[in-house]
Every structure is written in structure tokens, then in C-alpha cells.
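What follows is chain A paired twice: with chain B in the first complex and chain C in the second.
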Partner chain A sequence: MKRLSGWSLIKIYTVLIYVWMFTPIVAVVLLSFNSQQFGSFPMEGLSFRWYVKLSQNASILDAFKNSLVLGSLTSIMTTAIAIPAAMAFVRYDFIGKEALNTLLLAPIMIPEVVLGVALLIFIRWLQQPKSFALLLIGHVVLTLPYVLLVVQARLVGIKRVYEEAAQTLGASPLQTFWAVTFPLLAPAIFAGMLFSFTISFDDVTATLFWATAQNQTVPVKIFGMLRDSISPEINALGAVMIFLTVSLPLAAGYISRRFARGSGA
Partner chain B sequence: MEKEKNPGLVQFRGVMKRFGDVLAVEKTDLDIPEGSLVTLLGPSGCGKTTLLRMVAGLETPTEGDIYIKGNRINDVPIHKRNLGMIFQNYALFPHKTIFDNVAFGLKYRNIPKDQIKEKVSRALEMVRLPGVENRMPSQLSGGQQQRIALARAIVIEPDVLLMDEPLSALDENLREEMRLEIDNIQRMLGVTSIFVTHDQREALSMSDKIVVMEGGRKQQEGGPEEVYNNPANHFVADFLGHSNFVDGVIQSRDGDGYRVKLEDGNELMAEGGDWREGDAVEVVVRAQKLDIVPRDSHQTDDAVNCFFGKIKERSYMGGEVSYFVELENGTVLHVIGIVKTKPFRRGDPVAVTAPPRHCKLLRKES
Partner chain C sequence: MLAPSLSAVFFLLVIPVCFVVVYSFWLRSPYGADIPAFQFGNYAKFFDDFFYPSLLIRTIRVALETVALCLVMGYIPAYFFYRTESRLKPFLMILIMLPFWISFIIRTLSWINILGDSGLINHLLMKGGFISAPLPMLYNEAAVLMGLLQYLLPFMILNIYVSLDGIDKSLTEAAKSLGCTEWQAFKEVTLPLSLPGVSAGCLLVFVLTCGTYLPPMILGGPGNDMIANLIFKRIVGTLDWPFGAALSTILLGLLGVIVYTYNRYLGINQIFKTLQ
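Now for the complex of A and B:
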């Protein structure tokens, strides 16, 4: 059995890891279609009853709405901050540039628990109550590094000579941005917004610290439901979340590729 | 009556540019006459691009002033300078159609839509690419893209047309065609132009004036013939064409010329300049200006500036042949001769004559 050493072992190991990672996900999706209250394999019947029940659960629908609103606002705000920040970092020189860049990217390196507690301590110090605004600010801080990195990377790839050409032709720096830089940056901005939305949409750890009873998000809601029941509704909800977080970026990738081909760039 | 042309439509006055520790352009004075095409010529890194970009406003002079039509423009923002610039890699906006590319500058000039359309199509005709309005830049070849870039720059009727090595990204065979195109259009429109290149053939063939640069400093300024025939220093003589350099000392004045004692022991007659006995000089002779004949057909032994030697290397270039001739005392001369009958072969004994009026004297640079 000399052949079963080296690469073969690594291959088997890899496959096992993937099985270990994906089995629960597959199980959740399968069980969400189970007709029985207590799921066990083999399943005894196929039904959509948990999805129907889910769509009638007001508190879950509420959480869904919260998640969508929060995710959308987060992605818009984050992108609105990331674009000028990326322009400043890539196109201009100023004192403290490195420090500011590191600061904005820091949330990527800090554990979410720490970030969650830190923001809470901060608003405590400001003597403010927890609110939707806090949650929004938290998510912006959380997702900004990713958007900033995506936009910066693209901006580095956009040759300055296009902007220089536009300016020599008579466009002011602001007009140049809208006529040249922004359209060339658009795919990255779009990708960044989606990135930001999905991260916000399925974040649990930090959101657990920031959410109040009124503005629970779906992941937080699931977390809560898991604590005191094991309703199969959770499986259905989980399946919906999985579907959204996987299909959204895929769709975005497809759209942006078509977009890029259309513009001939 | 034709209007008097402004001899200094663009003026550099003590312009200097430093990037951190790098001195890119030393204090420079330069005038660009109205309607002319002036070439900044020099090897890579000599500061040509920097000088050009300072006119455009893409770089700010560390010191000195730049004037266009008599107005100091140092503090005028780029987009208010009314200049056309052509870049090495075309720089067409990849996300815009050819029409939108060419119309770009017009959109910021409050020109009515129908006039924009007309101006764009006229500009496209001028660069001989009519009807490509709806294509994307990526659908055009490099040469076509550069012509669109030219159309985009001239359609705004700029005060000055700036070109930074516009031909260097093109294939060899397209380059000549595009050079003629630029030359024709520039003359037709009479637009004052500054052309940056490291290619002496481009510079010599299309310029009204050449500014030879090296190490951030202007070395010589003049018409193509003047710069080529009367190089001001060793660098210019060496950079333009193929030259032979021999060090020597002025021995005596002899009529219009000077008798020079060369370091290899030979004596040579040279003309031009104002020298004193004992001055250390450098004799420059262009490879094309040396006459080469078979040794046995050489007529008189007392001809001036005649040296004997053997062909050491030769390379046939079609039409002309480049020889390296080793003289009896070991000095090697570069001679470029037109092939009349049959070229010399390696080892052939030859006589090389350097007409005194083609032997230029330069002060020996230490």
C-alpha cells in the first residue's frame, strides 16, 4: 500500500474536511423540507409546511425586514465612505495616510467579540442607549475594510493617465471623477456593496451585542430560537439564508461580468 | 495681411523641477514659436516628459514660470489651460465610444449638440477614420487608437498640442505612417506643438526646432540641420547620428582652419570656431562624411586628412555599408559609405579621407 501515502492522504483529508463542513448545511436544507416535526433520516415525507409557517411568523418577518433594511443601508453608507477614502489613499499623499488606512482596515484583524464590546463601551461612555443607529454604525465599521480593499485594488488598476487625459481636455477634477473614474470603478463599487450587504446580512457575533429587542436581525433571531426550541422552522429559515448569501454574490458576479463585457473594457 | 507670429507662444523662464532628491529638469529657458513643431529629444530619463507635463499642469514647477500667450499659467488648473495632450499609450477612455471620446473635450466647452456632432465627424475625417463613431476603443488597432487620440486632442482647438512619445507604442511600419499623419495635420492646422521623443529620426524629420536634452539640461536648441551639422557638444554629436571622436591639441592656425595634433600621433586639419594654440580639443567627424576608397586607387600622397588602414568590420545595410576601419596606428574609425559598385570586404586596404570642413572642433570636456 505504498500508493496511499503523501498526496493521497492529503486528498482524503481534504475531502473529509469538506464533508464535515458541508454535511450540517446539507442536513439543514434537507430537513427544511421534512414533513415531520422531529427530523430524522430517512425522511418520511416531503413538504413545504415549514416554509409556509415561516411566512406566517410575524416576528421572523420583522427580523427579515430589519436585516434587509440594515444590510441595504450598511452597504450604501459603507460604499459612500469607501469611495472617497480609496481615492484619497490611492490618488493623493497626505500626512497620516498610513495610520488612517490601517485604522480603517483594523476591524478585519480585530475579533468581532472585541469589536462588539468596544462599541458598546463607547456608547456607554457617550451615555447613549443602544439603537438602530448604533447597529448601523457597527455594521459600517465591520464591513468598511472589505469594501475599501476591493475599491482600492480596482483604483490602483485604473491608470491615472485616463484622468489626466480628461483633465487636459477640460474636465475639472470632480467632473473627471464622474465621467471617467466612477464608471471604470463601477464594477468594484457594485461588488463592494454586495460584499458589504452579505456580511451585514449574516453577521451574528457582533450583532448579538448591538441589537435590541426591536431591531433583531435574522441571524440573531435564529440564534435566539435555537436557545429555547428546535422548531423545524429554523431549518427553513436557515435554508433561505443559505440560499440568499450564496446566490447574491453569484448573481452579482454574473451581472458584473456581463457589464464588463458590454463596456468593452 | 497675415498676423505676426508670436516667437514665444510658450515660454519657459528658469523652469526647474525636483522630485524629492531627483533633479528632473534643471533651470531651463525655452521659447516655443507660434505654429511651430518643437521636439524635445533626448535619452530616457533626461526630463523631456517632465518638461512637457509642466506645460499641461500635470506637474508643478519647483521653480520658475511658464507662460502661454504671455500669461503666466503656473497657477492655472489643468482643465482651464486649453491644451491637447497625446499620450504614449493612447489613453482613450475604455468605457466610452469613439464618438464620446472625441466629443469629451467639447462637452465641457458649452458647444451645442449638433455642432459637437459636426466637429467630431470632421475631426475623424481629418485623421482618416470617418464613420467609427459607434465603436469602442478596444475594437480599434493601436495605430487607429492613436489617431483617435489625435482627433480628440485637436477637436478642441487647443492653444498648444502636447505629444509624449506618441509613436513609440506603435509597430515599426505604422510609425512612419503615423508620423506623417501628425506632421501633415500639425502643418494644416498650424497648431503650436511640443513633441517628445527619444528617436532622432522622428525629431530630425518633422521638427521646426529640436531641443536636445540630457540629464535634465538643455544641451542644444536649433533647426534639425543646425543641430545635426553643428553639434554644440560631445553629447549632441554622439546622440545624433554616428560620430567619430578623437582628442587632440591645437597646433597652429592655418588660413581658415586649424592644424590639430591628434593623440594618436596623426595630424589633421579642421575648421570652425575660435581657438588658440595649445587648446585641448575634441575632433568630431560624422561617419557619413568620411570618404573611403581602395588604397591603391588613392591618388596623391599629400592629400590632407588622409589616413590608411584596413577594414576591420563591416555590416551591409542595403544602400549603405557601415565599416570600422583600423588605421595603421591602431585607431578605429567608423565610416558609413554609400555602395556604388561593390562593398569592401574585411581586410581590404583602404584610404579614408576626412574633408576639413566636416571636421568639427569641440572644447575638450573634462
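Now for the complex of A and C:
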């Protein structure tokens, strides 16, 4: 009986933590449908007026476009450079492997604010203006460690015998990679790309240093709008962001599980 | 094969960060480019006025508070995930990771809807007749902590959970068959074995808190700025680049010492393990 009550307390505590964590997020979504003039309680009626208003705001649409392009390019570039590195770390032995691996994961442990400052000062020293390219290279550095971790983890799980079999049958290392490793690695590559897309799409701490009025992402735009006060429009924009960046990975997880079941793997 | 990633990290991270250190010795010029120099003026400026070191001290204090609260709030849910046999477990695990997918700025500003003058809490209290005027709950350290905790708690929970998950459950059974109570088994077996995850979580939360400026900026008042806020204001606001670089160097140095010490005694790989 005593054990049972202890366990119930643990359960209740966990539920309370969930409530605490999600109430603010739910509030953003709820208030975005509030028909009232101000972005606050009480809720007076459901309406889509703030979403309509959003869709008519050219600068927000512009920021959305920037974010989408930036996120897509970031995910492609990051994954393209992370795959060969992951292959090298998992499949080959060389001097200084541990140290180099730690170096590539270092961006995780460097405060983002310092990352933002560093790249900005560097660009300034090179006498380059802030530009879209700065955002792109910044986001590649920002997301590289995460993609590397995801791809490496999966690669460790792919048995080497498949690759060895292909090579015994006369495939070159490159052929082996494309015909054997790549298809097996595809789910991790996909996950890595999604991961870097959402990180890029959501990032604000470092991005605020790199963005310009012409190259705003959605979070930077939200930051600018916040200066006045929290409007229902911000809640609506937040709700759109939440929907987008949450549903993407969930859908991807669902699809990849369907695939896994379909192929019997 | 390593060339693309290594050169990316080398040219876009290592060199720029080293350059920040170099830049911190330069002289500020009010007109045009700053002047390359080797002088300690920017650091002298930091230590001359107690205002600046006090920001650093506040940053460390707030980071320690965040770590402590994350531990208190995070250990039990992590333990719940470890012990539960509920079919809902995968769903609940995904739910705890959901905040990772929501933009930091949205999570931060969402607290305004809860704590603000016309936020949820004040609205409920006034409707219930408990208070007649809204309680001021925003723009203080508690509000900043709310934002920080919501950002960092999932990191703590996952770190602890990964560590707990690696513990062989038969160890607790063995302890109990030898006469331990549930609580004793937890205290003597499970808790010590989960410490690597606990310490990894603490380090991660500490480092991430020190490097953020958003919660103090959005949820804090004038007296809640942390060191990262000062960096942001100097670089983006007043364009005092050399001083901003010196501040960044100080922050980097502080965290470097902490991470180095941690790695020396405890090993840093636990953190990377969890992030997978």
C-alpha cells in the first residue's frame, strides 16, 4: 500500500510538470483564435481574424519565405557535409579521431551568444556586409553537430558486413556507399535534415546578431514585433510556427515507422 | 571525407572565436573601423565598474538557481519514465521532447500570456474575486526563471532518463530481496547510478543558461539582465565591438574552465550520448 501511494505521488508530480510546461504553449494557440482586440484573457469568441491579418502582412510573409529558404538550404548543406564526416568517424580509424570528433561537436557547448558575436565580428573584419550568406553559414555551423550525432548513431547500427559483401563482389567504395550504405542510412539522413531545418527555422539567439532588416527570419520578426506589446497577431504567428515545426517531425516519425513496417525491417 | 565539416567548423567557428579574443584587445574608434592594438583597456573597463562584474555574478547565481530547480522538477518525471510500464510511455516521451521543436522565442513570450497583467493567472484570480487589481508577476527574476526552466527542463529530464535507463533493474530487485525497502533501494542503488546523467544535465543547463539573453530581455525587468544581455546590447545596440568581444571572452573563459574541469573529472561524452 505504501509503495502504491509513493508511486501515485510520482505520477501526480509528473502530470503537474506536464501541465506547467504546456499551459503557456496551449495559451498561445488558444489566444490566437481570440476575437478580442487584445492578445490576452478572457477569450471572447473564436475567430480567424488574426490569421487573416497575418496572411495580409507582406513583411511577415517575406520573413516566412526567408525562413523556409534558409531552413531548406541549411538542412541540405549541413547534411551534405555531415554524412562523409560521420562515415569517416564510424568506419575508419585515424590519429586524433576522438579530438576531431569533439571539435566537430564543440558548437553545442559554445554559448550561442558567443557564436553569434564571433561570426559577426569575423565577417566585419573581412569587410563583408551582413547578408543571407552569413545567416546560411551561421546556421550550418549551428546545426552541424546535431546532424552529425544523428547520422553517426544510425551508422553505428548498420552492420559492416553489407558493405564488405558489396566490395567483395567488386563494388568500389563509392558504389558501395550509394548502393548499400546510403539507402540504409536514409532514415537518419532524413531525420538529420528535419532536425537541422527546425533548428534553423526556430533559432533566434544567434540569428538576431546576423539578421538584417532585409533578411529577417520569422523568430527575428516576432522579436521585432514584441517591442510594442504582445498582440493577438504574435500569438497567431506563434501558433503557425508551433504547428509547422511540431507537425513536421511528428509526421516524419510516423512516415518512417510506416516505412520500417512496410519493408519488414 | 572530413575536410568539408572540419573546414566549416575551423573557418566558421574556431577562427572566429579566436578572433573574438584578439578583438577584445583592440581599441574602440567612434568613427569607422576599430583600431588593432594590444591593450587591456576593455578588461580594465569591465573590472573598474562593479556594475559589470555584478552582472557576471548574477548570471552565475541565476544559472545555479536554474540548475537546482531543473533538478528538483526534472528528476521525478525522469524516474517516472524509467519505471512506468504504461503503454502511453512513448507518447509521453515524445511530448517531453516537443518543446525542443518549438521556437525559443515563442516559448519565452508565451509566459506573458500566463503571468501578464491580463494573463491567465491574474484573470482567474480576479474572476474568482481573490484580488481586485492584477498582481505584478512579470519583469522580475521569477518570471525569468520560468522562461529559463521551460527552455531547459527537457534537457535535464532526458539526461537523467538516459542514465536511469542504463541501470539494470535486477539490481534494485537484488537490493530488495536482501531486505532493502523501496526507498532504501532507490537511495543506495538507483540514485548513485543515475548521477552521471544528473551531472551531465546540470552542466548542460548551466552552460545554456549562461549563454542566453532572451528570457531576461523579454520576461525580466531592468535589474534582471545577465551577461549575455550586456553582450547583445554592446554589440547590436551601442556597437562597442571591442568591449563586446572582451565580454564574450570573459564568458567563454568562465564556461571553458567549468567545462574543462567537468571533462577532466567526469567526462563529457555523457552529454553527447543523450543528445542522440
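The working rule: the second predicted complex is superposed on the first by the 242 of 265 C-alpha atoms of A that agree within 3 Å, B and C clash if a C-alpha of one lies under 4 Å from a C-alpha of the other, contacts with A are read in each partner's own complex, and residues count from 1 in each chain.
Quick note on the criterion: contacts are C-beta pairs under 8 Å (C-beta built on N, C-alpha and C of every residue); 3 or more make two chains touch, one makes a residue touch a chain.
Since we're looking at a predicted model, the values are computed, not measured.
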Which chain makes contact with more of the residues of chain A, chain B or else chain C?
C
Would you check which partner chain A:Gly157 touches, where first means chain B only, second means chain C only, and both and neither mean what they say?
neither
Is A:Pro219 in contact with chain B, with chain C, with both, or with neither (first, second, both, neither)?
second
Counting only touches as set out at the top, which of chain B and chain C does A:Met87 meet: first, second, both, neither?
second
Please work out whether A:Val141 is in contact with chain B alone, chain C alone, both, or neither, and reply first, second, both or neither.
second
Give one of first, second, both or neither to describe whether A:Leu100 is in contact with chain B, with chain C, with both, or with none.
second
Between chain B and chain C, whom does A:Leu115 touch in the aligned arrangement: first, second, both, or neither?
second
Would you check which partner chain A:Ala171 touches, where first means chain B only, second means chain C only, and both and neither mean what they say?
first
Report, in rising order, the residues of chain A that make contact with chain B in one complex and with chain C in the other.
none
Chain A contact footprint on chain B (complex, rising order):
56-58, 77-85, 87, 89, 91, 93-95, 104-105, 108-109, 136-139, 152-153, 156, 162
Residues of chain A defined as touching chain B within the complex:
159, 161-162, 164-173, 175-176, 179-180, 183-184, 263-265
Which of the residues in chain C come into contact with chain A in the complex?
1-2, 4-6, 8-9, 12-17, 19-20, 23, 73-74, 76-77, 79-80, 83, 92, 94-96, 98-99, 101-107, 109-114, 116, 118-120, 123, 127, 150, 153, 182-183, 207-208, 210-214, 218, 228, 231-232, 235-236, 241, 244-245, 248, 251-252, 255, 259, 268, 271-272, 275-276
Quick one: in the complex, what on chain A touches chain C?
2-3, 6-7, 10-11, 13-14, 17-18, 20-25, 27-28, 31, 38-42, 80-82, 84-85, 87-89, 92, 100, 102-115, 117-122, 124-125, 137-138, 140-141, 144, 146, 148-150, 152-153, 198, 201-205, 208-209, 218-219, 222-223, 226, 230, 234-235, 238, 241-242, 245-246, 248-250, 253
